[in-house]
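One chain, subunit A, links the two complexes that follow: it is found with subunit B in the first and with subunit C in the second.
For the complex of A and B:
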């Protein structure tokens, strides 16, 4: 059988047409591939490699670079695939430092270039790792929830794995996290990992014995106008809210009498008071007109805030009035208290403060109740304790995971002017929180310049992501209570407000006490506790004379001598007095070889940054000096005494020389 | 098979291959030429996002300079001064005085390698004052790199020509 020619022709025609359509469809993929952006960059990169190749091997390697998708695959870190290196070709190649992006070398950071393979790119920079076009990969496609972080916020990503407040080599993030804790963000906002945050704002019981309603009104209206360094924010209250708050605060605890007249305290001697103020080194913690350490309250204007009777009571025993205060309890005599308080009341008053009205303030009950509601409404109890209000519930929304919140879940309110990005939203929330809607309660913080960037970075770092355990970096939170009688004395003198022991305590003092027994001699320590001498003249925040009884000093010194020791530090370095020849050699090394006199002063000669060494022989143990010279960063990693890589013999001679200072042979 | 059909088949095959392997009609099919894309793409993106400078200010210093500033203030400013002019509070006791690091001529004369050598190995080894200690063991290469990055920001602007 034979078909007629026309039918066969039709089949051929359809066959040809379908082949054409089929081939066009088939061609789409290779064409798209041909025009990918990365192709151009890869050819560019190969050309640049060829240009820079110095050896035939490099030339061969460069020629072998074909055009292909390159990727970093990390199955451990939630199966991450980053194809960024398809365009960013030179990131691992130190020879491309002068190339233009995207071919340039990645700047050196703690994790680059060694750890590209375990981190990839998206872990730090965000964006869409699997994408292979610029818009998609940078996360600029409208449906991608985590666009690339602008470079200035990249440190936020360090915080995905580094959970601590201080993150090494991430200044901005550390600053932001510190600010968040200091400013009390956690008082209102719940954030995972910060449940244990504690406010250091004062307890508000008994204000009627301490201050005046007028001062309180001015303070609540705008704390920073009274004391610019205060951490209390501007709450933006209305006048009636302020009045009701003052009424409420004035009546806590219930039944207290109001403003007490200073009748029973005779006038003191302000000149002796001034001497006492200086001798007691109050500015080791406080500031006066901005001068001082600044970890405790500014004292100028204090006379306009408190009355003298309260001041005397407080100086006598701060812990009775503010149980959680960092201020130690000095042993002041009655006369000391009268003189010191007289000096403070005479000198440190604020000319702009409203004069107290000499009339009892008895607010109506309705106002008091209104004040309690205001107190609750603004979440004041997040920071301040007050009797009768035990609930410290947080009034702000939880912030865990805020750093990865998709933009379409953010409430921009009336802020139509803001770019629709997470970091701009956070920035505006932090710098002008009430601008979004009416009725918001977040107070106004003063954050400018780098501090603002730092807080935004810290918030962006809170991604709430679950990361593999081996990537997580977190310091074990130390938990140490000094035991027994030692503990009682440490509490009375609040040693841990300044000193660190076993990982707990403050950082005002540069000297942690954990190995104090291996460091200093017991007799010296006892005398130092009784009459602190100047060790580092450059410091404002020096050890304070607590006027403690001799038995307390002896007990403290003896306890530390026996308990706070480290077996790695030689307890006895020399079995007998070191040879004068070694001392001479040590002296030569000190001055000529290592130039220690640049920082240390002996007999009035030398720098005054490091401790004075005049009495080093009675202060320090020779074993300590030896251990120190061999690497002082083992004590604290931020010690500024440089590590010279001193050989053992030099260390012994230096120890011999330094231990001879201040001792009569 | 008719002649036109045969031609059509050849055309289809030819066109398919041409389209697949030759750079043709790129702007027609895909819009702009990929070579038009600014190489500074990420920076450009950033600029669009932050036209509102007061709200999210760009720090004056980049990452490495910021790290360097913290290190400089902690380790160096004691002698070299906060602004690097050699007037730190410990400079008073030193002879010779610490180098004025903001000096423009000094900055241009020294390469990064020169600076790294003195910072890491100390003044003594470089024939300078032994009061300048070696920081190599404490800081390491990377952190010294940060410090140098910051030092470069301390340089005075070019002296005005007469």
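For the complex of A and C:
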């Protein structure tokens, strides 16, 4: 079949036609390149800049803005390239605060816009930094596993670099991390950096000496219905599981049935007990019907929970029964114990609690063994220690890296109602863990609203990413162990349950003790330890009278005077008594210039927000007052005493005035 | 002696060693003229083998596709780093930053798919036209080798984007190699430069894909075309007597 002339013509025609089609096809790609998505934003941005330009230089700069890709490139931060600024053009330009997105200025954050250049956008917001189209950049394309975080969870990203539990200015994240530790997530789940987590749930040995099986049953069935503030979750156990668990707990160690027959403790005087209860300021830590500090257990209903004999033993020496408790050991006399316990047993009982059955509870061995299995199955030993079960294995899956898990690796189970996003999944897992499928063991925590968002944020912050050293803000684990006799006394009085020293200890007291020796005078401190007086009338949780012997008080005061000292605070401000003229000028400054009486009370006049200053001359050292007035926030960030920028001379005179208060010349 | 004769007398031997070592001038000229590497132009070309309709069909289409692949491939090499994780990032750069980057990538990709398909059709056509019969049996074998190389190029190129698809395809493929008796594990090790699909596998596949296989294919195509000119193409064997 040879080609004739006509066939060749036909071929040339198609050759020409195809060439033309090919040319057109080739033109499509450059045209698409030219009209990229960011083009219209960049032109819009330039127009807005031109509109806003006030100087000829600004005008020139604006004119120079062409259409091009803009990016933040950081070779140190795993070669990160963020091109978000190709559309979000005004991020670093404070003049664009009133523009509409995507041209608007970035809102204020703890990091300044200049710092953005060092870590980019994706570090905090996630999404796909390299992308230059909206769908891809926001991570909505199907090939990207980490879409942008909804703004309400952005604080999670603070936590990728800031490893501390408390991250400054990230309140939600800090709250979430605190909640995770408090609720005991780490009891069941392993998380990098939290291997050393310790539960403060009570040891469960000797429950048969303390409480009744009925109370225990009610408690295990639903702890929050008995005490709404408890951290123990609702385990959702069946009735037979509850019964066997009670049987198991009751036999650790085997019950002493005669414990209820209390013959050695005669009745006490409840009226005197009530006075003792008030005087000892139990509500500095405990609550009664919700009133009080709330850092220790609610006491209403205590009489239905424990028996009097246990209560007396506990009040006598809490550390013998619960070595890890935060409760200090008071010096109560025998009569004090009888009266106090009588008052508690008479007054603080729960009318809804089941009445204790008088006869002894002797569970069959099979039930006890079943209880042990239940105890193991639900991971109770993650929080509670009990003899015979030393392995504190974690029953939940490890959570390191959960904050970056790709959605397609998540098990949504029955929850077809959930949007397919990581944060929704975590939220549902945390708030209703058993809804995913049958046979799950995670208990029900009460987490709603802000708390739920906080925990989701904390979990999202756990990305397991390797952040370069220079970006990481490592977790500081404070460690302070007071030495020697001082340490023994601090342990006995559990000072660190309320006070903080070098980052260790409770936050109930407003006064960290770290520089106590530079702050107060030794004689006053000794008296205060013996008979605490009111310093801040506004607080309910005040210093408790521990009834300590004078010898202990003197030793504690002396130790702190010599050891808890800061050299920056002048030890001796005045070499001799200040001139009365300076005192007068100080008084004038106090009342007229700075208006300190708005918060501080002297001789019954003034506000009650700050500490009373009646005895300030006896209590405080002049050097401390001087140092404080010059910048109280140096002491603690959250000090509410305003920093007036007091000049040095004024500070000296104020110190002279305040140190004259309450002193008889 | 008998064995030697059996070997030297076989068709395979004669199609490879065509002239022997006879020290005559004629033989020397024949040896040169009938060797593609020594004499690129065929000494004798039949007129009808040069006709448009006899030449520009599936074989030519695959050659054009190969040319497109070489062209786009070289440009793509400018943007590509055979390293982890930059390889995947480069895919993103091509998509989001490089001018006409997606066009380049898609050209390369579709041309590659097209080449595999067209080469297969070419084979089918040759097969059903019985064009593998003498005198073109040598070219048939060359063609089969070219098909294998096309497939290998396609397969090695598959790993280079370094995405999930690539990773698992190569994981599966190289695990299949393991099934080869005795040498399976070693071949797999040789291919991957290790025991897992990692950065050294990526580098090996890159070198194979961009240097070794294209070079081999180019040479193979040269032999193939030369033989086409010499022996005649598929069309020449459609049952008609030679003109």
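We take it that the second predicted complex is superposed on the first by the 631 of 665 C-alpha atoms of A that agree within 3 Å, B and C clash if a C-alpha of one lies under 4 Å from a C-alpha of the other, contacts with A are read in each partner's own complex, and residues count from 1 in each chain.
Keep this in mind: a residue touches a chain if its C-beta (ideal position, glycine included) is under 8 Å from a C-beta of that chain, and two chains touch if they have at least 3 such contacts.
What you see is a predicted model, and the numbers here were worked out from it, not measured in a lab.
Trainee: Which partner does A:13 contact after superposing on A: first (subunit B), second (subunit C), both, neither?
Mentor: Touch partner of A:13: subunit B, not subunit C.
Trainee: Output check: A:54 vs subunit B and subunit C. Expected answer is one of first, second, both, neither. What do you get?
Mentor: neither
Trainee: Is A:484 touching the first partner subunit B, the second partner subunit C, both, or neither of them?
Mentor: In the superposition, A:484 contacts neither subunit B nor subunit C.
Trainee: Could you say whether A:37 touches subunit B, subunit C, both of them, or neither, answering first, second, both or neither?
Mentor: It touches subunit B, and subunit C stays clear.
Trainee: Please work out whether A:79 is in contact with subunit B alone, subunit C alone, both, or neither, and reply first, second, both or neither.
Mentor: A:79 sits against subunit C, while subunit B stays out of touch.
Trainee: With both complexes overlaid on chain A, does A:592 touch subunit B (first), subunit C (second), both or neither?
Mentor: first
Trainee: Of the partners subunit B and subunit C, which touch A:419 in the superposed model: first, second, both, neither?
Mentor: First partner only, subunit B.
Trainee: Please name the chain, subunit B or subunit C, that touches the greater number of residues in subunit A.
Mentor: B
Trainee: For A:140, decide between first (touching subunit B), second (touching subunit C), both and neither.
Mentor: first
Trainee: Which parts of subunit A are in contact with subunit B and also with subunit C?
Mentor: 8, 30
Trainee: Using the touch definition from the top, list the residues of subunit B that touch subunit A in their complex.
Mentor: Touching subunit A: residues 1-2, 5-6, 8-9, 11-13, 15-17, 19-21, 23, 26, 29-30, 34-35, 37, 39-43, 45-46, 48-52, 55-60, 62-64, 66-67, 69-70, 74-75, 78-79, 89-90, 93-94, 122-124, 129-135, 137-138, 142-143, 145 of subunit B.
Trainee: Flag every residue of subunit A that touches subunit B in the complex, lowest number first.
Mentor: 8-9, 12-13, 15-17, 19-20, 23-24, 26-27, 30-32, 34-37, 39-40, 100-102, 107-110, 134, 138, 140, 148, 150-152, 154-155, 169, 171-172, 417-419, 421, 423-424, 427-428, 431, 449-450, 452-453, 456, 538, 592-595, 597-599, 601, 606-609, 633, 638, 640, 642-645
Trainee: Could you pull out which subunit C residues touch subunit A in their complex?
Mentor: 51-53, 86, 89, 92-93, 95-97, 99-100, 102-103, 163
Trainee: Using the touch definition from the top, list the residues of subunit A that touch subunit C in their complex.
Mentor: 1-3, 7-8, 11, 28-30, 33, 69, 79, 81, 83, 128, 130-133, 136, 143
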